[in-house]
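Quick one: this structure, given as C-alpha cells, is what I'll be asking you about.
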C-alpha cells in the first residue's frame, strides 16, 4: 500500500466511512454464511437447570419471567438461538404468578410436558397442557399463573432478536397483581374461534390471530390423517402449519409455527432454505443431520438450524415386531414470514455431502 | 311531442338506440327497486311435491338432478329465488345416483333433515346429515348417491342466476357411472382440513375452499358459545360465517353462507342491505318481518329477501316455565361477496315502518 | 305425460316452483349462450342523431344527461350494449350544463373527437379533449359544462346493466346549479397523481382511482413505444390498461378500460373470453371479425362483443408506398373485473370457423 | 449471591444458556434504545474522499464497486448507516465500467449531481442525471458504465445490513465485460412503464417494480403541485413516495423511498417512528433537529435517523425580499416496509424537549 493509499484509508476512518471493496465478500457472499451455528441443546440437561432456578430465583416484576434462553455459540454470548429467534425454557413453581405485561414482540408457548398453568391473554385464561401451542401476539397483555402444587415447564419462543435488531421493541407493565385466577377448561378464544372454517360475526375484526390456543388433540389428529391418507409432505412425513383462522396466514406476524411427524423409520429428503429455525422433539427419537453432521435426538431436545444449513430428519424405528410405533414428532418455529413478506425467501434442492454419515 | 321529435324517437329506435332521459329514473333509482319480491315458501308444501316428483320423474343424465327451484313471483317465471341466487329442493330416492358433472357455477347443499346420501366431490365421498353444509365449488366434479332404502331431501343453493346473467357458465358431464360408492363417515377433505387453525403442508395450494363439509356439531357449538359468552351479533343473536380455512374469506367465491341463532324470545334489530339473500329455518319458530310485513315461519320454511328490503327477525318463546329452549336457528345465503368485491356493498340503519304490525 | 305428471307440474307452478330438469340445458349450457348478439353501430349514423337531439331535447334535472344508449338487439329493447355494460353517446350543446349528481354506478367518458367541455368530479374541473379518458367512480358527484360556442360529443360507459341486475343502484342529486365554472388546463387530480410511479403523501388514502383523467398524449406514447420496442401483446398489436395508480388494479371496480393499437396491416390472433366488451374505433380503419363474420369499421364505430364470441381484429393498410401509417386504434371496455374477482374468468384458444371469410 | 446461585449461573453458561431476568430490561426496553446514533455526514467532506479513491483504487471484479459506506458511530465500525440500511457514495471515473453482478439485496441510486453514467439493469441501459432515482431490485443483474470524460458520483442505498442480519444474501457475478454500451436517453423500462396510470399488456407480470427510473422532472413537478395546491403533508411541506406502478406499493420490497420539499422558511412538526432512515439534502439548506439537537445542513449532506429518534425539519429562507425561493429538498430512504409488513410499525406524537434549541 502506498503512503497515499494509507492516508486515504485513514481519512476514511476519520470521516466515519468504510470502503465497500474491503468488506464486500464478507457482507455479500454467494450464499448465506451465518455466524450462528447448528447447535443442539439436550432437554435432559436444560430441565434440571430450570428446576434449580425455580428454587433459587424468584419470579416477579422486573425480571418478569423465570425463562432461560438458548444462546447460540456462534452469536458471541447473546441470548439468541438464531439471529432472529429467541427460545427459552420457562419454569413456574407451585402457586407462582408471572405478572402481566405486554410488548411488541410476538410470543408463543409450546408445552412439552406437564400441565396446570393458565396463561391469561388480554383477560382470557388459557389452560396449558402437553402438546398445546399458545399465542401471545404483539401488544396483548399476558400473565401466567400456577394454581397447583406442582411446577410446570414449557418452551417460550419469541422474535426478540429480530425486533431488537430493527429497534422496534415496546414494552409495558400491566397491573401488579392478577385479579382473575379462574381456571376454565376452554378459553373464550377457543369457544369463539376453534370451530373449523367458522367465523363468528359478533366479534370485531381481529388484528392478530384470535385463536390463542391450538390443542394437541387437533394437531395429533391432523398429522395422523395425513399419514393415513398418504397426503403428507413426503412419504412418511406429515406436517401442519398453525394459522390465523381469520386470514389463513401465519398465526404470528414474524414467526412461522409448525408441527411435523415422521413415521417410525421414515427419512425425510434433505432441505435447505434461507432463514433460520428452531426444532424441538415432542415425542419419539431419531436424528437431525445438519450440513452432514448427524445428531441423535430425543424428547425435549432443541436444535437451532441457521440459514442455508442443510437439514435431514430421520425417525428411529424402535418398535417390536408387530407393534404400532410413534416415530418422531417435532415442533418447529422459524422466521419464514419475515423472509417471505420481504421477497427474500429461497429454498434449494439438497446437495450431496461427501462426509455425511448416513 | 312535435312531429320533429316523433321522427327523432323513431329514428332512435331504428338505429338501435334508447335515450337515457326516458329511462333514467327506472334504471337509476335513488335506492334499489328490485323486481324480485319478498316471498315465503312453506316447507310443508314443498316437501310433499318433491316426494311426488321422486315417484314420477327419474333422475339421470340430461336433467341431471331431481331439483325443484323456487321461482320468485317478481321474476316473471324464471326459476330464480332472487336475481343472483338459485334455491331448490333436491330429492334422491333409495339406491338412486345423480350422475357426475361439473360447472363453473358454485353450489352448496344444506341439510334440513335426514341423512344417508353421499355427495362425491372430485372423488371424495362426503356424508350428508342434518345441519351439515357441503360445498361443490365451481368446476369440481360432483355426484350424489343414496345407498340406503330411504329417500333424502336437501336444499341446493347456487349462483346460477348470476352466472347466467353475466354469461359465464360452463358445464361438463363426468363419466356416466359412479365407480366409487364407498360411504366413509368422514371425507378426505375433513380429515385434512377440519382442524381449527391447522393447515396441512403436504397438499397443493387450494383454488377454492378445501373444507368441503361443515358439520352441524361445530356450527351448533359455535352458536351456543356465542350466546353463552354474550359475544353474538346483538343480544340473543349469534351468527357464524362459513369460510375458506386457507384464506379466512367466504367459502364460495360468489355466495356468502351463514348460520344464525336467535335465543327464545329474542328480537333482532331490523337490517337492510344492498344485495339479496335467502333464509331457511333450520329449527324452532318465529317471524321474519320484511318491509313491515310479518311472516310466521317454522322448520324448513324458505324466505327470499330482495335487495334493500328491511328484515327483522324474532324467535318465538314456546318454552314451558323453567324449560331451556332452542329459539330459532336459521341458515342464510346471499350474494354479499359479489357486491363486496366490486365495491357495491351498502347497509343502512333501519327506518321506521309506520304500518309494521309488531 | 301421464295425468299424474300433469298434476304434479301444475302443482309446481301453483307453488311457485320450477323443476331443474326442464330448464337445465338452457340455464347451464356447455359454454355461454348469450342472448346479446355481436352488433355494430356506425358512428356516421349515431352522431347526426345525437346532434338532432341537441336541437330538440333540453338537458337538465330529471333526465340529467342528453345521452343516447346503444341497445343490443338481442336484449329485447333494454338500453344495454351487453348484459353488464352501458354505452351511450352524450351530446352537450354550447353553454349547456349537465347538472351535478352521483350514483353507485361507475362511469367513464372517452372522447372520440372535439373538446371544450369540463367534467367536474367532486369539485375538480377536468378538461375533455380528443383521446382522453375520464373517470367518474361510484358515488363521486359529477357534472359537465360547456363554456364554448361549439357542441361536444363523447362516449359514456357505465355498469348500469350490471348494477341494475344485482339491485345495487343508489342515486342522489347534487345542487341544482354549478358554482365553479372554471376551466383549468389540468385538473387537481392530474396535478397530484399524474406523475409516473409517484404517490403524494399528503392526501388521504383514495377509495377509488384518484387519477381522474388519462390523457391521449400518454396513451399514444405508450402504444408507440410498445410497437417500437416489439413489446406488444403480439406482433403489430400494442395495448395498455388504464389503472388505479394507488393499487395498480383496474381504474374502475367493475369495468376494465384499455386502448389497443394495431399497426397498419396487422392481424391479431382470434380471442374468445367469458364476459362481454364494447369496442370503439378511435382512429384508422380495419375489420372486426365476430364468430366468423367480418365487419369493416372506421372512426367512431362501436361494436358489442358478447361473452365467448370469437373476435379477430385486422388493421387496414391504406398507406401509399413509403408512407408511415397509423393502422387501427381502438378503445375497449369490458366487465373483466367482475368475472376475475369472482373466479369466473376464462379464455380459450381460438377454434377454426369454417365459414370465416379471411 | 449465594454459592449455590453462583454455581447455577456458571452452569447456565456452560450449558449455553442466558437467563432472561439478567437481560430483560436491555433487550425489551419500554421504547426502542438503538445502538445507532443520530449522525450527520457532510458532503463537502465525503465527495473529495471519493474523488481521491477514484485516483487510487481501481474498480472491477471482486470489489465490484468504488463505493464508500457511511458507518454509524454507534454500530462499532460496521459499515452500516443504520441497523438495516446501507448508504454509500459511489464514484465512477471517465471510461470506467463497474462490472455486472446481481444479489438478493435490493438497491437504488440517487443522483445528487452530475450525469453521464448509464446503469444497465437486466440489459436495459438507464441514463443517470441529477435528481433521478434508479432501482436495481433484488436479483436483477446490473452494471454501471461511464462513456464520458468526466467522473460521476452518486448515492447508493441498499438493505445490506438487514439482509446480512437475517442471513438471506445471495450474490452472483455476471459476465466480465459489458457488451452493450449504448447510451439511450430513455430506458426501455421508462418507455414501457413511465406513463401515468397506464399498464402495458404485452409484458409479463413483473416480480418487482418495472419502473427502473424515476426522473427528477416528475418528482419536481409533483412536489411543486402539492405546494401550489396546499395538498402537502403539512403546511409548506410536500412529499411523494416512489412506488411500484404495478401494485401501488413501495418501489423496493425492503426500502421505502421518498422525496420531501419544505418551502423556504417552513418548519415541519416533529415526528418519531419505529424504524430507521437516512436523509440526503438535494437542494437548499436548513436544519434537521434530532432528539432536540439541531444540525444545519446543506446540499449533499446525509443524516442517519435511528429508530424512535425525534426529527424536526426546517428550511432556511435565504431569499432576498420579493424573490421566489426553493426552500429545502430532501431525499429519504427508510426500512418502513420491513416494519409495516411485519406489524411492527409505530409512530408517536412529538414530546417536548426541554433542551431543544429552536
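In this document, chain identifiers A, B, C and D correspond to the written order of the chains, with residue numbering beginning at 1 in each.
Following the convention adopted for this analysis, a residue touches a chain if its C-beta (ideal position, glycine included) is under 8 Å from a C-beta of that chain, and two chains touch if they have at least 3 such contacts.
Just so it is clear, the model here is predicted, and its values are computed rather than measured.
Any chains in contact with both chain A and chain C?
Where chain A and chain C share a partner, that partner set is B, D.
Calculate how many whole Å lie between the centre of chain A and the centre of chain D, each centre taken as the average of the chain's C-alpha atoms.
Centres of chain A and chain D (C-alpha means) sit 33 Å apart.
Could you tell me the distance, in whole angstrom, between the mean C-alpha positions of chain C and chain D?
Comparing mean C-alpha positions, chain D is 43 Å from chain C.
Which integer distance in Å separates the CA centroid of chain B from that of chain D?
Centre-to-centre distance between chain B and chain D: 53 Å.
Which residues of chain D are in contact with two or more other chains?
Residues of chain D never touch two or more of the other chains.
What is the complete set of touching chain pairs?
Pairs flagged as touching, ordered by label: A-B, A-D, B-C, C-D.
Please output the residues of chain A touching chain B within their complex, sorted ascending.
188, 190-203, 209, 211, 214, 218-219, 221-222, 225-226, 228-229, 231-234, 237-248, 251, 258
Sort out for me which residues of chain D touch chain A in the complex.
Per the touch definition, chain D meets chain A at residues 2, 4-5, 8, 11-12, 15-25, 27-34, 36, 39, 41, 45-46, 49, 52-53, 56-57, 62-73, 77-79, 83-84, 88, 103-106, 138, 160, 162-172, 208, 253-254, 274-276, 306-308, 335, 337-339, 341-344, 346.
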